[in-house]
Structure formats: C-alpha cells, structure tokens
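What follows is a set of structures for review.
Across the two complexes that follow, chain A remains constant while its partner is chain B and subsequently chain C.
For the complex of A and B:
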C-alpha cells in the first residue's frame, strides 16, 4: 500500500480521532454536563445511534461503486417499518404471541426485497438512469406509506422485542451488532467475491465489463435487492425498540446515507469505494452530531457544520487526486 | 532560414514530476511559414512540451520566446491571445450548439446589456468558414457534422485570432483519406500566410508529405532536428527508438489447421452486406479498408455486440447463434477492441483483476475469489507476453499503451479462445512496442490460434497477415493471399475501384 492510498483510506479515521480530541477538550469548557465526551457509555450509545443510517449507507456504498444511486431507501425504510409494526396487530399474528416477531421481521424484510427488486428491474429493463428511477420510487413508496395509515402513526409495542433491541452483548447494543455484522458481510462481498469484483469493474468501465461477458443488468438487480433488504433491516432494528412509526419517518435518510458514503471517499461516478471507509463516514457524522450537541449547539448548527465539512472534505480529496494524475507512467 | 526571426523558440525547457524528468533541457524553434513535425514515442515528452507551451504546466527551467520576445505562458487562453493556438486530437466541442457558438465559445460578440450580437457572430463565422472551404455554415448544429467537419470547426476556432503559430496534435487520427486532403490544404494555406505550424503525429507517411523539418524527442530529451527532404523513415525511427522497425512482408508459412470460423453472407443493416470469409487455425486474416468500411462492425457482430440482419456464423463447422458477448466468449471468440481504454480495460483496476475479469467466476474457492489462482494466471501471461509492470497491483491506467494492449490480449489468451479478433492492434502504441505486438500476433498464429487483425495501416496488415480481406463501403471487395497481394491492388480494392471490374 503506498502513502497515497494509506492517506485516502486512513483520512476518515484520522478525522474521527480529531473530532474526539476536539470535542473532549471543547467539552471541558463548554459542556453543561460534567460527564466527559469520551465516556464509555456515551460511545456505546453513539455506535447504536449510528446503526439505522449506517446499515443503509453500507448498502449504498455498493450501489455507488456501481455508479448508481438509490434515493428511495428512506421511503423503503418507512414502509418496511409500517409493515412490521402493523402486521403484529393482525389477529392471526396476535394469536401467535411472541412467535409473531420473526414473522413480522420476515414480512418487513420481504417488503424491502420487493421494493428493491422493483427499482432493480426498472433500472435493468428500461435502461433509465438509477437516479431518475429511484427519484420516482422515492415518491411512490412514500405515497404507499401514507396510503397505509394516512397521517397517523402506526404503533405496536412488544416488550419482548424492546428487551431484545435494548439488550447488550459484550457491552455492545443489538443495533451495533447488526451494524458490525452487515459491515463484515459487505466487506467480504466487495473485497473477496466475484460479485464485488464485478461491482467495481462495472462502475469503472461499463462497456469493458459488458465486453468481458459480465451480466450488468442482473448484477444491478441483485444490488438493488440488497439495499432494499438493508433498508428494511435498518427499520427492523430501529422500530423493534421504538414501536411506533410516523409516515414521515426516514425522510432524508437517503441523503444522510449518501453523505456518509461520500465522506468515506466513495466516488459518485463509481468504480471506487470501500465499505470500511463508509463505516468511518457514518461514525464521523454521528460523532459530529453528538459532539456539537455536547458543547451546546442546536440541530441547525449541526446541519450547517456537517454540510461545510462535507464540501471541505471533497475539496481536499480533489486536491489529493489531482496530484495522482501527474504520476509516472511506466 | 537563419536570417528570419523565429516565431516561436523554446530554450532549455526542463519539467520534472515527482520521480521523473519529463522534459530535460529541450530546445525547439519554429520559423514563419514552416511545418515542423514533433515526433517521439508515447511518453517521450511531446504532450508535456505542448502543455508547457500552452501554459498548463509551468516549466522548472528554460524560457519561451515569441518573435524573440521572452514570454511567460500562464493559460491556453493567454497563449491564444499571443497567437499560439492548439488543435487538439480530442475534440472539445459542444454537440448541441451551432458551429458559430462553438467557434466563439467564451468570446461571443456582445451588444449592450450582455445580449449576444448574433449578426456579427454569424457574419464572422461564415467569413472564417469561407477560408476553410467547407460545406456547412455558421448555423449548422455541431452534432450533425461528421468528425472531420467537427475538426474543421476546431480549426476555425483557432482562426478567430490572427494566429502566429498553430499546433496540430494528431489531427488525422480519425480522418479518412479524403478528409486528410482537405486538412492538408488548410495547413498549406496557413503556411502560405507565414504561420508557423507544429505538427504532432505518429504517421510517417503524412510527416514526409507535409512537413519541412522533423524534431525528435526521446525520454524527455531533445534528440535532434532533421530536414524532411534530406532524411528518411529509417533515420527518424532510429532517432525515436534507437533502432529501426521491421515492417517487411509476412513470409512465414506454417501448416494451417481446419477452418475455425466461417462467416457466410453476413449483413447488418446498412453497415455491411453479404460478407463471407473463413479463418483457419494458425492463420492471420487481415481486414483492410478505409474508416467506415464496416470492418469494426463485422468484428462487433461476430462478438455479439450487434445483431446481424442476415447470414450465418459457423464455429468449427457448426452454425452458432451469438446474441451477446457472453455467447461469443462461450464459443471461444475473443475481441481485443479498437479503443482499449474505453472498451477493453477497467482503467482504475489493477493489472491482475483486469486480466482475469472474464473468468473470475471460475477462479473461486468457496464463496471467495482465489488470490492464488488469479496471480498464477497473471504471472503466466505476464511472462508469456513480456508485460512490463512493477507488479500485479499496478493500476492499469498507469501503464503505457503497449503494456495496456498486452494486458487486454493476455486477458483473452487466458480464456484459451479458438478465434482471436484484434481491432487496430497498435493504435496509439509507440514504435518499439508495435513490433512486439506484431511478433506476438505471428506467434499466436504459429501456436494454432485463428486470428483476425483489423488495421488501418497497410504496412501492418502486410506484415502480419497470411491472407487479406479488402473491404470497401460495407462489402468485401477482394481477398488476397500474402503471396499475391501488391500495395497497388490493395489500394484499388479498398477504394472501390474493382467494383466496376466485378460488376
């Protein structure tokens, strides 16, 4: 590994360390709480809170390595949550007692798979850009959420489910374990499998990939199914604990997920990106939110700062990349 | 010529990048009314030198003089203001705009309140187009023009100022012979007006036709300037690579095997019609013709990228239906495409991954790709094809053209194809690597591969082919064996002259 790749892949982690140091020191002066920012429980909570957007962002990484994008994940997230919570109130499900839980999860995950497959098939069979297809499905899926229950929240609190969601194993929360498991699986997929190899090849040069006999359409379909599944999984993890979903939940999740992916160094144009760096991007954003809150800044300040940092990071990345262009040709 | 003042003089230019001295004390002079060729292999420093001249790179050392006035170049726009204009190989024009808007892009004539002065714009444009003697006008949409005419627009753009020096970078790369004639007329016209011209090209034939002097760069160093009239191709080649290139007729003959690929009456819309030929194992069949004669389209049809409207394709005597590259690969057909960067390689990927791309799904251990199996294949073909790279992790985009082409060839050889189609095997590859690729193609035939070579360079076709298929306007005009072919008969065939004889 040469210095440049090290710099690029390590940058997000260096940024995280810088955030930790900054908020710890700034917290000593500005925070009203007497707890240190780097408190162990606080960090555990941070990982847990990273999970919903994190799980989606990890899936978004492989979509973006393909050179595609999925704007419908927030709506998929909401619809999967509605299906999960509502299905637990159906009479036959109630009769099953706690055995309704795995079934409700399955319904939610299937919802995600079906919505993802619709996106994937449209991108494959119509050849319309993924941005347009998922812009349409974002609106459409959100429409389904409202059709389901109008403006009303869908609620079902199941205490077994809440206990499961709040459980801690080796200190880490259930949601954190899901985040880490998805990270591990997708890391293996992108770095070690044929599917991962093809993802990079298609994103980098689609024509060359077609000429090498790679089936681009089915490849896209699988990735959209994957991200639909992950958006639903994210909903399952989050709403198992909260037990109530508003029809507006998950709005802007697609943009937060894309922000985390881009912050992690994945190129919008495709062909380049890393799952581990996306995890870094997710944690960095959550640290910013939490840290700015810790030193007394409001949500509006948080959004402003994250926006500025995103642009600054991409500017720096451009500078680094440009240097690479002048490299020696052998 | 020593009396006149040079229009342009570069003196002791040095430019270093991290790890490489791209230009090492290069000096270069252009006189008024001179066509001065700048030659060198890829990576010799031609582009870097032109970027220094255009103000894109600042030189570390050395000076630039225009009319013997020391000048600092800061940007292409500033260079243009000083009368130094560039005609680039890759066109940078907007398809949806008119010819006039393209020509004056960024410098549209204005009336008050920022309104465009359309009358002046179209008037000025038509005046420039008239001097170029072209068949379109200022209001034509650029996208409706042929590549050659788009190139004329690019040239017209250079003429919006009174140019002192014009730099042509590989201007004929995408032009047909007839279109070249028009270009050369424009160059002659500029020359007669006393403009100095720098002409960058790999094509010896053109260089000897239109230039007055030839300067050669090698490895970033100035190797000398020759008077075109007093030198020959050998001397120039030797300056460029330190030895001469063997492009003699193919005379090797070995036993041919059975017919591997046969095409009967293949047609594809108006691209090509009723094409029939066969290729035996151990044979190299060269396809020669003008740009647009349908050669690449035939290759793409055999490889499943286009659907034929009629005809049959037979592999080992069996008729096959090929509707995608996946089918073609399954039948043992491989295509090394014309544009290796756009169609052949995943430039951001490393050498190994590029080479194993079509077969990576067969190189797995459990759910994962087997590193060892991949590296074994890469090592085997790196050694076989003598690919020069520091290691398999090297990103393909950083390799030279010749090594990139070998990666593409290695990729397909590792699939053990029956038929290997190579479209423009040496396009954009430097002279030294060319002969390596030629030898490789001959070797492959000797090993029993059936090879189709498509080329626009006659010496290349003559050098590598056992048989030559001459095409004109979508039809096979004639097939020659390497013994009977002559340059004259070949040129006649591809110009359609035999059409009357046969008809």
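For the complex of A and C:
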C-alpha cells in the first residue's frame, strides 16, 4: 500500500477523529448535558443509528465502483417495510403467532431482491444508463408504496419483534450486528473474490472489461439484486424496531447513501472505492447529526455542514489526484 | 498538539463540573419536533417554544427537529435518553412508529409529553400527558358557530348544510367530524346535514368537492370544512358559481387565507388555534410534570371561536 492510498483511505477516519475531538470539547462548553459526548453508550448508539443508511450505503459502494448508481433504494426500503408489516396482519400469518416474524422478514427481503432484479434486468437488457433506469423505478416503486395503503401509515406493532430489535448482545445493538456483518461480507466480496475484482475492472474501463471476457450484464444484475436485498434488509432491521411505516419514509435515503459513499472516497466515475471507507462515511454523517444536536446547534445546520464538507472532500480529492490539471480556464 | 487538546478537554470538563453543580436545580427538557420547515404553523411553534423556554430561568431546552424522518426522530429520542434529560416532549412524525422509542424513555424514568397530535393508543401507557388541541370540541364549537349564525339569520328551522372533512384515517379529521356531527343536532335540531365528503386537507380537492355539491343541491345554506384551507377552497367554488351570498362558511384552524376571507365578509367563522399557545402549553405541561403537579392524561389548551363579529380580538394567523 503506497502513501497515496493510505492518505485516501485514512482521510475519512482522520475526519471522524477530528469530529470526536471537536464535539467532545465543544460539548463540554455548549451542551446542557453533564455527560461527555464520547460516552461509551453514546458511541454504541452512534453505530446503531448509522445502520439504516449504512447498510444501504455499503451496497451502493459496489454499484458505484461499477460506475453505476441506484436512486431507487429509498423507495425499495419503504416498499419492503410495507410488505413486512402488512404481511404480519394477513390471517394465516396471524395464526402462526410469533413464527410469522421470520416469514415476514423473508417476504420483505424477497421484495427487495425482486425490485433490484427489475432494475438490473433493465440496465442489462436495455443498455439505458442506470441513473435513468433507477430514476424511473424510484418514482415507480414509490407509486407502489402509495397504492398499497394511500397516504396512511402501515403499522403492526409486535413487542417480540421490538424486543429483538432493541436487544444488545455483547453490548452491541441488533442493528449494529447487522451493519457489521454486512460490512464484513461486502469487504470480503470486494477484496477477495473474482466478482469483486470484476467490479473494479468494469468501473475502470468497461470496454476493456468486455474485451477481457467479463460478462458485464449479468454482473450488473447481481449487483442490483444485492443492493435491492440490502435496502430491504435495512428496512427489516429498522422497522422491526419501529413497527410503522409512513408512505414517504426512506425519501432522500438514496442521496444520504451516495453522500456517505462519496465521503468515503469512492469515485462517482467508478473503478475506485472501499467498503471500509464507506462505513467511515456513514459514521461521519451520523456523528455530525448527533454532535450538532449535542452542542445545541439547530438541526438545519447539519445539512449545510455536510454539504460544505462534501464539496471540500471532492475538491481535496481532485487536488491530491490530479494536482489541479483540470482546473477550469474561464 | 495532542497534549494541548487533552489539557483543554480536561480544563473544559473541570469548568463544566463546577458550573454544573451551580445549576443543579435547572430542569433540562428536550423536544423532538415533526418537521419544522414544512409549514409556518410548525415554524412559529418552534420560535414560540424557544422564546418561552428562554423566558424561564429554571429551564434549559434541547430543541431538535426530525425533519419528517421517523428514523431521525427515534435517534433523537435515544440521544435525549442517553443525555439524561429530565423530560422529553415529542411531536410524533408517525403516531405508531415512535411508540417503542417512547417506551424506552418511560423505562428510563423520563416523563414524555406528546404535543400537538397524539400517538396511537398502544403507546398511551408510556406517555405522561398529551398537550394539544381538543379536536372534538373544535368540531362541536364549529357546529355552535354555524347554528348561532343560522339563528341570527332566522333560518335555523330550514337550513341545509354540507360538510367537507379532512383526510380519511387522520385522527384530527375523524374527531372534528364527530364533534360537528354530534353537536349540530343538539343545538339546531331542524338543520339538515345533507352530505359529507372528504377534501383531504387540500384546497383544490375541496373546491372540486364543493363544485359537485353546488351542481347537486340548489339550496345550500352552510358549509363546514375541517380546516380553513379546505373552507377557502369551497368558498372559491361558490364564488365561481356566483352563489356565495346566503351561504355561511365555517372552518377550523384559522389560516391567514380564512382570516382574510372573513375580513372581506365572505367567510363567517372558524376556530382559532395558535401555534404559540400550542408550544407554551407543551412546555408548561413538561414543567408541571417535573414540579409534581398532577395533570390529566389529555391536557388540552383552549382553542376559541372566531367569527366576523369578534375577529378584532385576534391577530391574523401567520400561516
């Protein structure tokens, strides 16, 4: 590993450390709480709260390494949640008692797989850019959510489910375990498998990848199935705890996920990216939200700060990589 | 650099500990709101809440906004529990999804005040008190306004009324309609409620509903709408058909557009629901709870009648 990759992959973690130091010190002066920001329980919560967007962002990393993008994840998230909660009210599921829970999870995950497969097939078979395909499916899937139950929330409160989701094992929350497990699996996939190496190859140069005999179409299909599954998994993890979904839940999640991925240093143009850095990006965003809340800054400042940091990150990245070669000459 | 940071942190912590002990009596109250930027009712509510808290030296507030996102609201609840605030006020983004988070607060021994719109019944046992408008009373007061107007016009024995209700499934819509439906026959037994249709809180939809009513019925004396936004939609339809004269329009939640229509003499009355009162009531409920005052589970703030006759007593709503 050379100095430059080290700098790139370390940057997000350095940023997280800077955030921690800043909010700890600022928090001692500004927060009304007597508890330190770096409190152990608070850090556990941080990981847990990173899970909903985090699980999606990890999948988005592979999609973006391919040079693609998926805008439909927020709608997939909502639809999977609707299926999970609604299925638990079906008569045969009610008859099963708490055994309906794993079945409801399966239904939700299948929903995600099917929606992802639709995206993947469209990208593969039509050759239309993934941005356009998923822009369409974002609207379409959201339409399905609204058709399901109108403007009304879909709800099923099951305390067994809530207790499972709120549980802590080795002091980590259930959601955190899912986040870490997904990180581990995807890290293995991107770094240790042929599929992972192909993902980078396709993102770097699609022509060359095709010439090298990589089947690009099926590769995309698998990745879209993967992110559909992960969007649904994120919904399963989150809605097991909350038990009710509004039809507009998950809106803008695609953008938060993309933001986290970009903060982690993955290139929008594809060919470069790291799962672990994306995890850093997700944590950095949640830290900002938490920290600004902790020091009593208005919630509206969060978006402003994240936007500024995002632009700064991209600018620095460009300077580091290309030494300003592509500066606009006006 | 590192040593300096640690030093600074230590000094800061020490200062805080000293300062902290001096304010041992201060109540720390956290609020997580639904979606502040989305309409001016919620924006005014937040300003009024902060102003009320600053006016009270015994209170420190943590003001958060969920931006309409359930996940963020649950995270904010967890953060406030972790920070060990003394009481939490929540304006639910979703009346059911927040129940587990409210249960967590209640298990941590932190009293929870639900503000503006209540959570679902399954969560009632975890809530200390609900502070907000009484929508059933609002509905019955609208019925009274309507009836008093008919009596003044001398048509209380023959008047025919149509109703435009809020979005089906919304508690506010259901309660206002119930209040109106129950109270009208009590005060004006000979007035007929001809038909009720939902306007979905939407002005354009209500205008269409009213257009259909005007075609269907030649004789309409009164229109009750679940809020002024819909009432003004109905008024626009009547204006377009040239039939505004002789129709008494009554709404609820007085909006600026409703207030202006009252000034023009086209719209008769409404219910005045102030976000400032709403915010003050929520903060007061939390303070009362912490002072050990017994509060009813449903702790309503007053929403008075407003008509063309007494509108001078009220400032024009900001939303």
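One rule holds for everything that comes next: the second predicted complex is superposed on the first by the 322 of 330 C-alpha atoms of A that agree within 3 Å, B and C clash if a C-alpha of one lies under 4 Å from a C-alpha of the other, contacts with A are read in each partner's own complex, and residues count from 1 in each chain.
In this text, a residue touches a chain if its C-beta (ideal position, glycine included) is under 8 Å from a C-beta of that chain, and two chains touch if they have at least 3 such contacts.
All figures in this text were calculated on a predicted structure; none of them were measured in a lab.
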So if we stack both complexes on chain A, do chain B and chain C clash, or do they fit?
fit
Would you check which partner chain A:305 touches, where first means chain B only, second means chain C only, and both and neither mean what they say?
neither
Contact breadth on chain A, by residue count: chain C or chain B:
C
Would you check which partner chain A:213 touches, where first means chain B only, second means chain C only, and both and neither mean what they say?
first
Look at A:205 in the shared chain and tell me whether it touches chain B only, chain C only, both, or neither; answer first, second, both or neither.
first
After superposition on the shared chain, which partner residues are touched by A:110: those of chain B (first), chain C (second), both, or neither?
neither
Tell me the contact category for A:151 with respect to chain B and chain C: first, second, both or neither.
second
Where chain B and chain C come nearest after superposition, their Cα distance in Å:
29
Looking at the complex, which residues from chain A come into contact with chain C?
21, 24-25, 28-29, 31-36, 39, 41-42, 45, 48-49, 52, 150-153, 155, 157, 162, 165-166, 238, 241-246, 248-249, 286, 289-290, 293-294, 296, 298-300
For a test of understanding, state which residues of chain C touch chain A in their complex under the given definition.
5, 8-9, 12-13, 15-16, 20, 28, 36-37, 60-72, 74-76, 78-79, 82-85, 93-101, 103-104, 120, 122, 167, 169, 200
Across the complex, what residues on chain A touch chain B?
188, 192-194, 197-198, 200-201, 204-205, 207-215, 271-272, 326-330
Of all residues in chain B, which touch chain A in the complex?
17-20, 43, 303, 305, 324-326, 329, 335, 337, 342-349, 353, 357-358, 360-361, 364, 367-369, 388-390, 394, 398-400, 403, 411
